[in-house]
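Several structures are given next for inspection.
Each of the next two complexes has subunit A plus one more chain, namely subunit B in the first and subunit C in the second.
Here is the complex of A and B:
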């Protein structure tokens, strides 16, 4: 069993106090779920009570993540014997930073739910437990450094998501969406598990570092690595399902259409972002171990596969969004396209030069931050408009600039940001991805620059359809309306953040670049444990 | 306080003010801020005065890249990255800055009767977007960091989209999205070029040992790739790397491809056949003041882009494509003229005449001769004055008659004598009558094309065709004047009031400039522009000569 974890000196390495501290944000999430379970028994299941409990939990988690963030320095968790949680999980600026961001997003989604569905919904405890449960799964996803935890984390994030899509049990569409989502997810999970078992059979360990070391050893020995490639591809299917990369995106439209808009926001943004960070970690850990002389054989084809997949994902997402009448569905498809842009950056990790890897990672992280804010803004406005109009059809936006300028202006900013027009943050996000791609100087890199740029043009048209409805067409039939103050605050704050992130692009970039390098120091400096494996074998023999 | 920064951001201040002042003061605030911007931009004149005399070198320097009113502030910095807030003017940018502030001010004045428009809602938003657009336009002309240039270029799009889309005519939605799509298609190519030029310049410097002396700044060493447009054009290391036949981009020669990417981006804006189809739609649907801005300033950005980016940075690309571009220019001249001849819509006719006039700009630049560059620049300024005037003339009559059918007009000179006189001046200037501004530009371009015959034999026939096409211009303009202004006075237009004081002011100021530029071309334009243009051309020809010496064969695939 020892080698499953890739460690021999199991309990010696387990510094309980430190590890519990490093993972206190996730523990806080678990406690929040327990608190919400307890609330109906002790106090009552009123929406107000539960929302207070949930916000308390989110705030505590955020605070703890903030504290942890301060202590995970660039090299705090490197070194073999000091790996927290026995190397199953890692805590670095990437994972903790993602948790911080996730809590902000979770708060935004909860706020939307409280303003919207909560008005007719009586099952607040269940909703929040599922929501926070999937957030916990996502936090685990970004912290996994072992295939076993990766599989568990993906399931932890997915299973509450299946339930939350069909949360309104009287809604047939939602129930159908939930079923489709679950079947698709189950198949992908099965494939991933199959891949994982193959990997274990081949390597004898599920630790990422050991898998990488094994790959290197096999390749430098000239052995055939086809089976390992198949196994890792199966693992990739599980991740691609979360990212909704083409061709594993078929669950998206129905799930997003059937779910309540708050849930769609959550799933289309947070779960993709978590999947991308996970992919980034997976790739970077694999690549960091591979010496450069093997790059040409292993990494270049891998980069091409991911790059082509990313290009196809972006293009398919954009074209599918073209004809949508439902804004919710349109934004859902657009989020597939954006996942494609971010995947392009992951293709760059594989580039041999360390600077290329760092640039790709920080570009992707920056895009994730921006992506969360612009989608929260766009989905938030769509939610408020659809509550008022009773439908999420694009016609509901008709004349919005007259009817509710405080919704229309942030929406224009969010949409421009999604297109990638300056002076909105979306442009900066896209810019750093293009820079990271250009930095490779390879044919793949420059081709992706062209594909990403052309996709900007493709996406313009459907985003502008919403703008046309808001600003240009006005049948005059729809009356002015006022939205909840907290909702207006939410979308307007997001819009301001989008503008600020553009003008403060320099400091923003510096901060995020710091996150990505800290990740690299973890994986690069942790020694590959050939010796420890040998020791383990000897001990087993004795 | 840097003068250029003030000029660029003053309209933006005005825009914000438009959002907060009481509704009945919005117009005043907008006109005041555009007037103040115009005033500020006139402060640039002293810098460039005397450019024609012996002190030309003092103003324009001895090589391309002498700038005035420079401001450089770091914006986004990194280890191998420096995006700057970098503004400056030289003889290329300065006249266009003044043209922009002038046309914006007059267009703002032309929006004074906003409340009587068909779509007269949202006065705040209108002037907010209008002034935001002005900031964007000014920024494009003075930004010398490619990244910043791109930002301003894009910032302009959305205000323009809304100005056409919200306050336009019946097919405004179609026209607005078409404008947006076409322009963004160009910007996308420019974005690719932006990333590529940064990394390739970085490669050039790395190949030269990682530290290279700046091409135009004393004592500055370049350590990494740059976005500095002047640096990209003047640094010999970067230039020779860009021009080298073995520098490839996606398997094609770097200079040739990048030139084309940038060229298409700017050609869409200029616009040049076959990228011109957005223009008639946008012009016809846009409200009058927006048409003035479109024709007067936005089209010039294309020409400015050629002169600032394409030619100085990729001279060899210009050489490779010279024949194609000159041909496209001539096609635009003739095609635009023929289309104009066929129009029955007054505004559409003026729009197509712009395509024709802009063909001269491309032809003049493409042949790469002194007179060609100078003529193209002059043509841009001249068109920037005559075409807003023509569009305003259309607007004046549209306000009264509410239609633009040329064949339904007639005898307007009798009904509105002052209007008729102004119209004649405006259209004759557009026609290129000697003594008016349109003439100088066209003649200079034609002379330049003949000059180019020495190096390009194909230039002679092109010059002859282009010269002959002037007859087309005369045909559609004279025919237009006959149908609209001459003839018997018509019953339905009898009661029309002649142009008001405000309208007269706008028309008269443009008319005065039309004549002044035609009679004193040197004192009004050439003195300010030729210094920079000649130095630029000198550099371009040197670069081309150097490459042909090293005998690199021309062709797309290296």
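Here is the complex of A and C:
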């Protein structure tokens, strides 16, 4: 049904105009990359020229995503049932909303880069091409509904990321970081591809809809699903690498510490969020394939696997962040912990009530939005402090409250938000995840509530260390310093957003819940076209 | 007479996969690990093409996916070798154990 070339007339199968329109934000990103390639030839490779071209491209992409958002608003066009691109990609509110968010974040990161590394960097075109290239990969990740597009999207996001981590060729630490990231990524991608090939052999299709339907049919029929489980686990390795879930997190602290801080900011949010949305889509497809709500127990083992991994990820991230001296590395471990919290929300999906899935989904999406702002704020301040101090060590924060209050106050807000304290947005993010977990009323849900709460307490210590360093420690010889105005504006706007989102939690949640509906209200209609191995082998032999 | 069937191809793929996995786990040289990765990718390609040939019927999904795998492998190899050259010019080695400045 989803065969790539199996249609009798390919052009009748899909509406080219509509599909191209739904795809237009990504086309705009490709065009931006080409524009940046052309710029050095036609105008020049100055940082200013290139950043104007890049901002133009980002703005156009944002505008197009906004237009597409208007179209996918009605259910007829959005979701899986309409199957644009023959079911390879989907354009629903979730994927388009993620693209909008990604463009905002990309603009923030570009601004940070222009204030910092751009001063000494002469390769602006290459930097922006790699950055936008990985953004394109992440947009594809959240839109993919087929294992083939999933694999391509993950690679499209990863390959520019490897290069951008080691972007400064004279930087030994950066070179080492990119080597570790690349080796780890290549191994995970290879295993994922092997899993994909096994899934194809077992299911006869790479469409997520059909894989889910096949899995559930096999399980309810009492068939042995060990091999399918192994194959899907291999596929999961690739997603877990992107989320940096334990035990696929080893690249994360090294790559994040070795990279330029702007790149760390970008990867810590964008690549993880894209991986999580991808996981969420996968999980909700599996749930949608279960024929009735009562049979949801079939998938309980899957929920346990995700839940336990999430709990371990959060715990490992928090404990490792404990002893770090480099703030960058500490925030890298904290990003692992936060990925763990968000994964917990995806474990809720499998629950015999639509409200459970809906609550988990909207909690995760809210957390992603909030996490983007708090990380941009925390990394922005860390970036400006480390440029001034010449190191990303925690000592650089000494007495920051007196030296630069306009940096210290947003940092406190961001750190409080990362801990999850009211009245910051981080609190409501965590709160809704806990509520969603508790609502399930299952053993898994309640154990995850306990794990998340204990982890929050643990994280209190290392986040507070920075606050203490900024406030109490005497700055001594260190003079006051002024940061670029745009940088101060960036971090302060993020801090204000964090406060506003807390006080506007109700409307915010409603809006986000609207974005997630297309995920958990999916209904699967396509039949499974699978031929058993033995029969097909005989036919082929004849 | 022995007819070559799906099983034979799958055995080749599994052997390739195991060889690749072993290479990835034992080699300490970055290029060596990348060769292991290529072996695993090739085993996936063999799997895809074989499954497509024997189970796919009219579908060509497997063959097309195999083409994509080849392209991905090429793209990844290009970046990977670039990074290895960069590491070599900075550290004087591509031994992953010697790259140990980032730890903890």
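Note that the second predicted complex is superposed on the first by the 495 of 542 C-alpha atoms of A that agree within 3 Å, B and C clash if a C-alpha of one lies under 4 Å from a C-alpha of the other, contacts with A are read in each partner's own complex, and residues count from 1 in each chain.
By definition in this document, a residue touches a chain if its C-beta (ideal position, glycine included) is under 8 Å from a C-beta of that chain, and two chains touch if they have at least 3 such contacts.
Only a predicted model underlies this, so the values are computations on that prediction, with no experimental measurement involved.
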Check your understanding: Touching A:472 in the superposition: subunit B (first), subunit C (second), both, neither?
Key -> first
Revision key, fill the gap. The answer to whether subunit B or subunit C touches more of subunit A is C
Exercise for review: Examine A:335 and indicate which partner it touches, taking first as subunit B and second as subunit C; both and neither are also allowed.
Suggested key: neither
Point to revise | subunit B versus subunit C as contact partner of A:151, first or second or both or neither | key: second
Review point. So, does A:398 touch the first partner subunit B, the second partner subunit C, both, or neither?
Key: neither
Review point. Does the superposition put A:313 against subunit B (first), subunit C (second), both, or neither?
Key: neither
Review point. Between subunit B (first) and subunit C (second), which does A:163 come into contact with in this model arrangement: first, second, both, or neither?
Key: second
Practice item. Name, in rising order, each residue of subunit B that touches subunit A in their complex. Key: 74-78, 80, 121-122, 125, 150-151, 154-155, 157-158, 162, 165-166, 172-173, 176-177, 180-181, 184-185, 188-189, 191-192, 195-196, 198-199, 203, 249-251
Review point. If you look only at subunit A, which of its residues touch subunit B in the complex?
Key: 355, 401-402, 412, 416, 421-423, 427, 434-435, 437-439, 441, 443, 446-447, 449-450, 453-454, 456-457, 460-461, 464, 468, 471-473, 505-506, 509-510, 513
**Study point:** Of subunit C, residues touching subunit A in the complex
**Key:** 3, 5-7, 10, 13, 17, 20, 24, 30, 33-34, 36-37, 40-41, 43-45, 47-48, 50-62, 64-65, 68-69, 72, 75-76, 79-80, 82-84, 86-87, 89-91, 94, 96, 99, 101-104
Check your understanding: In their shared complex, at which residues does subunit A touch subunit C?
Key -> 2-6, 148, 151-152, 155, 159, 162-163, 166, 169-173, 175-180, 182-183, 186-187, 189-191, 193-194, 196-198, 200-201, 204-206, 253-254, 257-258, 323-324, 329, 531, 533, 536-537, 540-541
